[in-house]
Amino acid sequence: MTRSRDDGMFRFTTAAFAAVVLLIVIAIGVELWRQSFLSIEKFGLHFWTGTIWNPVSGQFGALPFIWGTLYSSILALIIATPISLGIAVFISELSPQMLRQPLTYLTELLAAIPSIVYGLWGIFVLTPIVRKLELAVPDPLKKLPLFSGPPLGVGMGTAALILAIMVVPFTSSVAREILKNVPMAQREAAYALGSTRWEAIKVALGYGKSGIIGAVMLGFGRALGETMAVTMVIGNNPQVSASLFAPQYTMAAVIANEFTEAADELYLHALIEIGLLLFIITIAVNALSRLFIWSMQKRTGRTVILRPAAIEEVAA
Amino acid sequence: MRYATRRKIVSRVAEALCAVAVLLALLPLVLILFYVLKEGAGALNLAFFTQMPKPVGETGGGMANAIVGTLILIGLAGVFAVPIGCLCGIHLAEYPETRFSSVVRFAADVLNGVPSIVVGIFAYGLVVLPFKRFSAIAGGVALGLLMIPIVVRMTEELLRLVPSGLREGALALGATRGRAVFTVIVPAALPGILTGILVALARVAGETAPLLFTSFNNRFWSLDVTQPMASLTVQVFTYAISPYDDWHRQAWAGAFLLVMIILALSIMARLAVRRLERMNRG
Amino acid sequence: MTTFLIDTGTPRRIKAPVMQTQINGMASPAEARIRVRHFDFFYADAKVLHGITMDIPDRQVTALIGPSGCGKSTFVRSMNRMNDIIPDAHGEGVIEIDGRNIYDGGTDVVELRRRVGMVFQKSNPFPKSIFENIAYGLKIGGVRNRRQLSETVEKSLRRAALWDEVKDRLNDSAMALSGGQQQRLCIARALAVDPEILLMDEPASALDPIATTKIEELIWELKENYTIVIVTHNMQQAARVSDRTAFFMLGRLVEYGETNTIFMNPREKMTEDYVTGRFG
């Protein structure tokens, strides 16, 4: 009797703490909604489609921030995905055994560097380089919307670049884990039919396709929420522009910059509503990414361990 | 060209491109570490550790308050996150297959993916608004929330590394489950969990966004956790976007210090876990 | 084109070894297709094959038997250099196929593997449609013509005695097939690139008896056109399907000869102990 009661106590106590984690996630959603209802009530859907952000006149349209966040993240994804997959393939399929651990560690290190350090480096090192590149863009190309505007260095292009660097360790580490879980038999089947090495790798990537998509989406989720580094290099100008040269703004950046300046309640609620949307989008993207990775697990019957990058350092 | 030859060339080129991808990722890593070292190490001096920030226009001074502030903030974060994270992790490791566990695991993953700035807003609503004041406690709560998912998953995984023989041995001796966990399993994984916590602390020590409107900033020396508090990261941010060269110099020094702390902790953790694994195997 | 009668149910068409020699008539092996001389194999520093020397005849089934860990799998995987993908593994010596040593420096491994097909212990279909699985080898070889692909897919599936079961669902996922069907699919996939030699590494070990019977019938039919080397831990299977049998033990070839000689009248005591089930 004592024994079962004791076990029940143990189970209950630890479960209570586990429930706290669950509650936190729910509470974040509720709190964000509660703290933004003024803005939600006043603007409704216009909040998401309005392009004017003028706290002085009480006009709050969040479209430029949504645009900036999505555009910068998608650009980052376009740059980071091939690189991340290349790294994952190199480490799991091509690299000599003795290089695997060090390379894994070094790429994980990119995830350990604080965002603020990326930002500092972005302002003082990357921005001048990007500016030189922008100056070097030939005139005919400048007619394209992608390269229009004065070459400032700060702007969408720099932000996308720095985001790409920051996303690489996340995507590549999951993709590497996925490739590790692709059965050797798949590669053997390909080799036995006369595949070259690359063709066998493509078979492995094909087998892990859904997991790889999950890895890419996980990186996307990271990029969407990234704050400091982007804030420091994107130029913080709310406008909807396709130009890589144009200073723009993101959802996270506007919260970081203006939160403590929000003098009236409506302003604050408008900023928190942006936070709410960011929360919803990142949860959706992360959940979707996990679904993809789970469907990969079903296929292999093995668990793909998804670790926060910090754990990777310890348990790798 | 023969098709077979072309395929082989394609394969070679693709393999080479994968190697290039690795170099492309290592390039920014090297560049960042290089600049942090070059700009930061030079700017680091005794005053940086011992003095307070000087008023605008005066050169010199240091970040003594911010260094202490960061330590206090991550201390608070640890106090807040470690009990919740560890006990939650223990539950997940002990009852891995229940529905509740998978929901909690999912929640931890979701929390891990929530942007830190959003967690900052939550801490603002939770602590700053009710007390109508920015405070170190609010910052600690924000950082703690960010730490929890890391501690949870780390504890769970490290507990699973503990050989099952140990647990069975304890249970065979008639220990209850709770007893077996706390007297046998957790102690066996403890070095790993402790180093894991260190890494999680190092990780949140680098956070800036959630501190901007929780612990805010403070130009003065303060140990009062109910008051705004300076932190290395916010201070680096403030200095980085300022127009003064001397502040830029100090921002680099702060970045250097941050990176060194994180590197040291992660290397330490790595060594400790390697030892733990060897112990378990041997 | 050869067509096969699918004899469902009764596995009567499998011939006993005794009958088989009668059919073969002459006891001496046909011309050697694969010639192995003093072949050693190493995983890192561990030597797992010691001086293997044997001739494998054309258009016959050669079975490799022996207790697990005896090197038979390693040996069969050496014949298409499949072991190359294992780090730190290497072979020394000579394996000649059609007079050319495949362990020569200049060997085109990709081409070699196309000519020497392989079927594995566990079926390993790609997570693609049945059609795409069979067409894979052709597609990487540059065949784009849809009609040619369809024809080859049909022909290969017929040869693997799977056509009738899947002809109406070629676009369904191969993963949905039963274990036995998956293995025949893998055989069809190997046949589609038109190899001359077929290596089989315990192709039926993961299958139930009925599926095993089907695979064995198939092997019996395929030897008309292919040189087949099959690794098996199942002695009855070796006795049923093979013309010649090689007995491996601790990385050495102990005895090699006509299957019925190996089973009825082995020269070595060790072989006799193994085939009579005294160890293994």
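As written, the chain order gives the labels A, B and C, with residue 1 at the start of each chain.
Rule of thumb we're sticking to: contacts are C-beta pairs under 8 Å (C-beta built on N, C-alpha and C of every residue); 3 or more make two chains touch, one makes a residue touch a chain.
Fair warning: this is a prediction, and the values are worked out from it, not measured in the lab.
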Most widely separated chain from subunit B, with each centre as the mean of CA atoms: C
Winner on C-beta contact pairs when B-C is weighed against A-C: A-C
Middle chain, criterion being Cα centroid separation: A
Cα-centroid distance, subunit A relative to subunit B, in whole angstrom: 17
Cα-centroid distance, subunit B relative to subunit C, in whole angstrom: 54
Distance between chain centroids, defined by C-alpha means - subunit A, subunit C (Å): 49
For subunit C, residues that touch 2 or more chains besides their own: 110-111, 140-141
Residues of subunit B touching at least two other chains: 7-8
Multi-chain contact residues (two or more partners), subunit A: 196, 199
Subunit C partner contacts - residues on subunit B that touch it in the complex: 3-4, 7-8
Residue ranges of subunit A touching subunit C (in the complex, touch as defined): 96-97, 183, 185-196, 199, 203, 206-207, 299
Interfacial residue positions of subunit B with respect to subunit A in the complex: 7-8, 10-11, 14-15, 17-22, 24-26, 28-29, 31-32, 35-36, 39, 83-84, 87-88, 90-92, 94-95, 100-101, 103-104, 106-119, 121-122, 124-126, 129, 145, 148-150, 152-154, 157-158, 176-179, 181, 192, 195-196, 199-200, 202-203, 205-209, 212-213, 216, 233, 236-237, 240-241, 248, 251-252, 255, 258-259, 262-263, 266, 269-270, 273
For the subunit A and subunit B complex, residues of the former touching the latter: 2-3, 6-7, 9-11, 13-15, 17-22, 24-25, 27-28, 31-32, 34-35, 82-87, 89-91, 93-94, 103, 105-107, 109-110, 112-121, 123-125, 165, 168-169, 172, 196-199, 201, 218, 221-222, 224-228, 232, 252, 255-256, 259-260, 272, 275, 278-279, 282-283, 285-287, 290, 305-308, 310-311, 313-316
Touching residues (chain side subunit C, partner subunit A) in the complex: 80, 82, 85, 87, 110-111, 113-114, 117-118, 120, 122, 124-128, 136-137, 140-141, 175, 186, 189-190, 193
